[in-house]
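Each of the two complexes below includes chain A, the first together with chain B, the second together with chain C.
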Partner chain A sequence: MTFYLARRLLFALFLVFAVSSSAMILARLAPGDYVTEALGPGARAEAVAEARARYGLDRPVLAQYADWLSHAIRFDFGRSMANDRPVGELIPERAANTALLAGAALLFATVVGLPLGVVSGSRPSGALSAAIRTFSVVFLSLPPLLTSLFLVFLAARTGWLPIGGMRSADAASGPALDLLRHLIVPAAALGLPLAAMFERLQSQALAETIGQPFVLATIARGVPRSRVIWRDALRAALRPVASVYGLVVGTLLSGSFAVEIMTSWPGLGRLMLDALVARDVYLVAGCAAAGSVFLAAGTLISDALLAAVDPRAIEA
Partner chain B sequence: MISTRSEPATFNGLRKRDTSTELLGFLSGAKLVRINRATQELEPSLAESWARSPDGLTYTIKLRSGITFSDGHPFTADDVVFTFAALYDPKAGCELADAVRLDGKNLRVSAPDPLTVVVTFPVPFAPGVRILDNVPILPKHKLQAALQAGTFDSAWNLKTPVADIVGLGPFVPTEYVPGQRLIFSRNPRYFRKAPDGGPLPYLDRVTMEVVPDQDAQMLQLDAGQIDAVDSNMRPEDYAPLKRSADAGRVKLLDLGVSYDADSLWFNLKPGAYAHDSRAAWLQRDELRHAISLAVDRKAFADTVFLGAGAAAYGPETTANKRWFSADVPQTPYDPTRAKALLASIGLVDRDGDGTLDDPQHHPVRFTLLTQKGKTQLERGASVIREDLKRVGVVVDVVPLDFKSLVERFLSGANYDAIYFSVARTDTDPAINPDFWFSSGSAHFWNIGQKTPATPWEKEIDDLMSKQIASTDEARRKALFDEVLKVFAAHEPVVYFAAPRVFVATSSRVLNATPALLRPQLLWSADTLALAPKR
Partner chain C sequence: MRLVGWALVAAACIGGLLAPVVAPHAVDDRRPGLLNAPPTRPHLVDSDGSLHAPFIYSWTLVDQLEQRYVENRGTRIPLVWMSEGRLVRSSNESSAPLLLLGADSYGRDVFSRLLFGARTSLALSIVAALGTVLLGAAVGGIAGYLGGAFDDLLMRASDFVLVLPAMYVALGLRSVLPIVLSAQVVFALLASIFAIVGAPFVARGVRAIVRSELQLDYAVAAQSLGASHLRMLGRHLLPAAAGFVGVQVTMLVPGFIVAEATLSYVGLGFPEPVASWGTMLHDASNVRAFADFPWLLSPAAAIFLVVLGVNLLLQSNPEAARRRSIQSMG
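Entry: the complex of A and B
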């Protein structure tokens, strides 16, 4: 088990290195640079050249990359051109917000998706299962952007929830309740398609598991059907969901781009989008590194979970 | 509460030029002079008065006495000298510096006494101290150490505790929540007074809420969660906001036609089509005139700006009352004449397929680049494509992201034509000489010429040189009218229409004096007020 996890950890480190390096180089190679917009389209050529030299944008891409890499291995990720601040300062304050949102969305998706999957998988022909399947298909086909647009519109029209942001400037309720109220719309927007995916996976896996001899034998021995399903069959059917958990964390981050913009959530996705638009290369690389840390952590957790529910995974 | 689409980059108003940092400057900073955005007149601000030397190069500026920064430290001429020293210090990397240079040279600023500033211009410059409206004055006592230590570029970044930020503006920042909001409180030491002699600003607090999505901004405004939006309204925002205004939820103010019209230009750099068979006609005046004749501007304005636009015929729209010239001919919609003009340069339909062909039987076809994601530009490019198709010209529209687009026209390579909109920061043409001069960096169709490429560009250079140097306003107007006539005769840039500009606020906002130039509402934040909530 330890060797297995160490191997996965090494892969995770390689992932962080590869993703951040590619992001830095691609952002640098894309047409236009930070100075183009910062100084405006009518800036004098001399002023543009001075600014490019200042930010190191006049250097060859590989020289700039090598310089960045030599600092990055010492946890110095450079300085954001647009924010006048070290990247290492900017990332943590936003990554924490994204982690909170992603965690809430994952919790929501798990708490809603798995039980619904058990319900629809254990009674595939019922009206309730048909309704659950229909909702799942609808939410699976809706990208988080549209879901968040709909939820923001609903919040604006009803006034039940804040339209955006993470905390109110003048919260009438306590800070925890205020945060929870702000979390509902983005977490639901991000979590609903995931819940639908979990429901579908769990439902199919459970339907297959219920037909397995060990389940039929347990029921034949007189153990109540619901107990067999929720205790034995559920555990056996968890493998497909556990195996996608790691990928889901990565999806959460990319999905959070749109949701964070729509719901004004001050997270990493929004920071990265701003950095990409501004061609703030060091910040792009920093955000990509943070994103890949999320993905790597998710993959590790998923691998650990998979190993826990199915020891055969370690041997594979 | 106002919403912006991004948070300011820094508290240091000299370092960055993004719209949110500029807005922060209007809330917490002050300048020597202020352009009244509503009237376009220059007003005293920290400066009480100014006098120009006979040669027009030197301005002696008298400062108001008794002004203090928000921390109580007296404001003097030393702060002005310090601000300009920081602005032009190469190590400070101030992005604002280029906007306060003339002919690429710095202004010289000195302080003979604590209440007098002498500003010397490197070249004659008719708008004079109007250019100083760009520069927020910073406190020497707070930032001198950073400038001396060479750390001015990171001084007053958003990590700086807000208690350390002091200014001369109506508000002072009191809380910053990363990615979410900046809260400002009233500056009790603010120097401007209300007309009745009472203290300004009227508001006790301003919250700058970061809402990156413009649709979400509009929803929040409609729901009464914010009072104003610091984004230009898009044509598609008008209809829903009009319904909200009719229902009494928001106030919708029509400011009239914008100063900025959407424009199309071809790459006129000599040799740009050296190995291209289209070289014989792509840079001809007749092609641009034909395009101007072939586009129905009225229909263009209705389609592109969803009914809220007006036809434009030149770089100055009717909004710019001071510099618009009614004598400049207005190109009619005349596709027949357009075809005749194209025929005069050898572009006729030789094979009867409805598309014009050049004398070598190549179809008349060009690529039009525009900005991706800006709906009015994408719609406009489509209208141009359809109108030109009717006269037999094929246009391939290619939307590019902003930076790629700008990179293309700055490089002067790899493009045929561009359809774009450039927002101006002032109405006086002398403030934007780089557009007019052939050597200018904003002379988009052929940037940075060493010597004028054409006789008419030389003529414009000569006229603008006189226009910028003259101190006689009537002569300046006459000279600029001439510039516009020469420009219209060659149409290096073809203009089609300008949008009407609307500003929406919550129904509680009082004393608003919105203007066409940015920031449309908050340029006069000190006199804004709010009615109590019902």
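Entry: the complex of A and C
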């Protein structure tokens, strides 16, 4: 067990290192740099050279990378050129916003999707199951880009909920309630397709488990059907679902990019996009590092979950 | 359900293929007098209650600021069929064009752009899916066949790519290239980027199939008869993965449609005035625009219907349905 988790921890560390390093080098090798993007084509050659020297962009790629790396392991991630602030100051707030959005969506998807999956998986032929299945197929075909578009459209048409941002300047209610009102649209946009995916997975896993001899034996011994399903079969059917939770973090980050852009949620996605377009290399690397920390944490948690649900996974 | 799926996918493909004939207008026909004009509804019955061949009414601008239009009920404008190489047009194109899905903020016909957009979006997704499968099958096949350290390395690398959020990988690869490029270059670039991002999914599956086929008697027999490496892979092992690969192509297309839409939406996709579903969403990308002019959301509806169609096709295949749901948001 310890060895297993240690190995996975090593992978997680490698993930953060590799992702931020390749983001840094890729952004640096891209045609054009921050100075040409910011000063424009009409700038004087001396001004360009002077600015390049100030940002360290005049040195070879590898020298700049080595310098960045030696600072980064001491948690100094350089200065964002476009914002003129240290990257280490810019990222945490944005990362927290993305984490809040993704966490709310994951919670929503789990609370809605898993129980519905149990219902539709345990009675595959009922009318209720058919309705649930139809909803799932519809929402599986609506990626977050589209759900956020439609929810923003609805919010704009009805005026029930704010259409973008995270806080309103003239909040009538308390700040927490105001934040919650702003969170509903993006979290639902990100969570609905995920809930549909959880429902399908849980439903299939449960349907397969119910076909197994141990379930039949338990029912034959006179244990009530609902108890067999919600306690025994559900526990056995959690493994495929738990194994997906690790992949979900990547899915959540991909989806939250679209949602953040669509609903002007001030998260990592927008910051990363602006940094990439402006060739703000240190900020790009910082965003990539933050994103990969989420990924690493996600895979670690899912590995631990998997090991808890099914000890056989450790040996694989 | 399968039939509905086929119908949706076929409608999109046929609409895209026949766009030059079915679409009443060209992609970049701007009408300064009809900015954000609502859809013109074909009528059969006029205001007196008498029946006519299908006709439309023209729009009259009543509020310049809010861009509100009213139907001009005075004159009927009959539709003409099969004229000037188009399936259907208005008989008075200059003052009363046929706008089945309204006009966008440049006064361009949304319906025509939607059809030409289907061409761009679907062609890109299908080319990218085929590229993904070629790349994935090559990598997975070689890794599975050779085994050893090479196999280990390739599979570790593809495991690594699988963990990453696909959208960010595509975004990163796209944005490090020059932002402004011609439409053809963008098409080739996006197709290659999508192929690189999607290939690990295919490679893993193909590798597993090739490895297990290698153990079977027929493969051992072919090998002992002296089949070359190329023949082993091309003639015997890869064909075994054909079913898997077929399902995989179908599953990749919806993801790529959405990826194109997302990249174009943030301005890293096709340049103006190319119509793709993503660039159309980009043009509609402010809340006021699509709250007041909901027909601008029709590309989103088109994306939904195509993805739904593919999902319904895949539903009959439980293994595909399971995998599909995992990848659906990539």
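In this section, the second predicted complex is superposed on the first by the 316 of 316 C-alpha atoms of A that agree within 3 Å, B and C clash if a C-alpha of one lies under 4 Å from a C-alpha of the other, contacts with A are read in each partner's own complex, and residues count from 1 in each chain.
As a convention for this text, a contact is a pair of C-beta atoms (placed from the backbone, for glycine too) under 8 Å apart; a residue touches a chain by one contact, two chains touch by 3 or more.
Everything numeric in this text was worked out from a predicted model, so none of it was measured.
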Room on chain A for both chain B and chain C (clash or fit): clash
First, second, both or neither for A:M272, with chain B first and chain C second: second
Which superposed partner A:F153 touches (first chain B, second chain C, both, neither): both
First (chain B), second (chain C), both or neither touched by A:D76: neither
First, second, both or neither for A:E46, with chain B first and chain C second: first
Which superposed partner A:I163 touches (first chain B, second chain C, both, neither): both
First, second, both or neither for A:I261, with chain B first and chain C second: both
Which superposed partner A:P31 touches (first chain B, second chain C, both, neither): both
Touching partner for A:T299 - first (chain B), second (chain C), both, neither: second
Segment of chain B that clashes with chain C, given the candidates 79-87, 241-249, 349-357 or 439-447: 241-249
Overlap of the chain B and chain C footprints on chain A, listed as residue numbers: 30-32, 149, 152-153, 156-157, 163-164, 261
Touching residues (chain side chain B, partner chain A) in the complex: 1, 6, 9-10, 12, 15-18, 90, 93, 95, 97-98, 101, 104, 153-154, 157-159, 177-181, 183, 207, 209-213, 215-216, 219-220, 222-223, 225, 400-404, 406-410, 422, 432, 434-435, 440-442, 444, 448
Touching residues on chain A, where the partner in the complex is chain C: 15, 18-19, 23, 26-27, 29-32, 137-138, 140-146, 149-150, 152-153, 156-157, 163-164, 193-194, 196-197, 200-201, 204, 244, 246-247, 250-255, 257-258, 261, 272-273, 276-277, 288, 291, 295, 299
Interfacial residue positions of chain C with respect to chain A in the complex: 160, 162-168, 171-173, 175-179, 254, 258, 261-262, 265-266, 281, 287-288, 290-291, 294, 297, 300, 303-304, 307-308, 310-312, 315, 318, 321-322, 324-326, 328-330
Chain B contact footprint on chain A (complex, rising order): 30-33, 36-48, 50-51, 54, 82-85, 89, 93-94, 97, 149, 152-153, 156-157, 159, 162-167, 169, 260-264, 266-267, 270-271, 274, 279
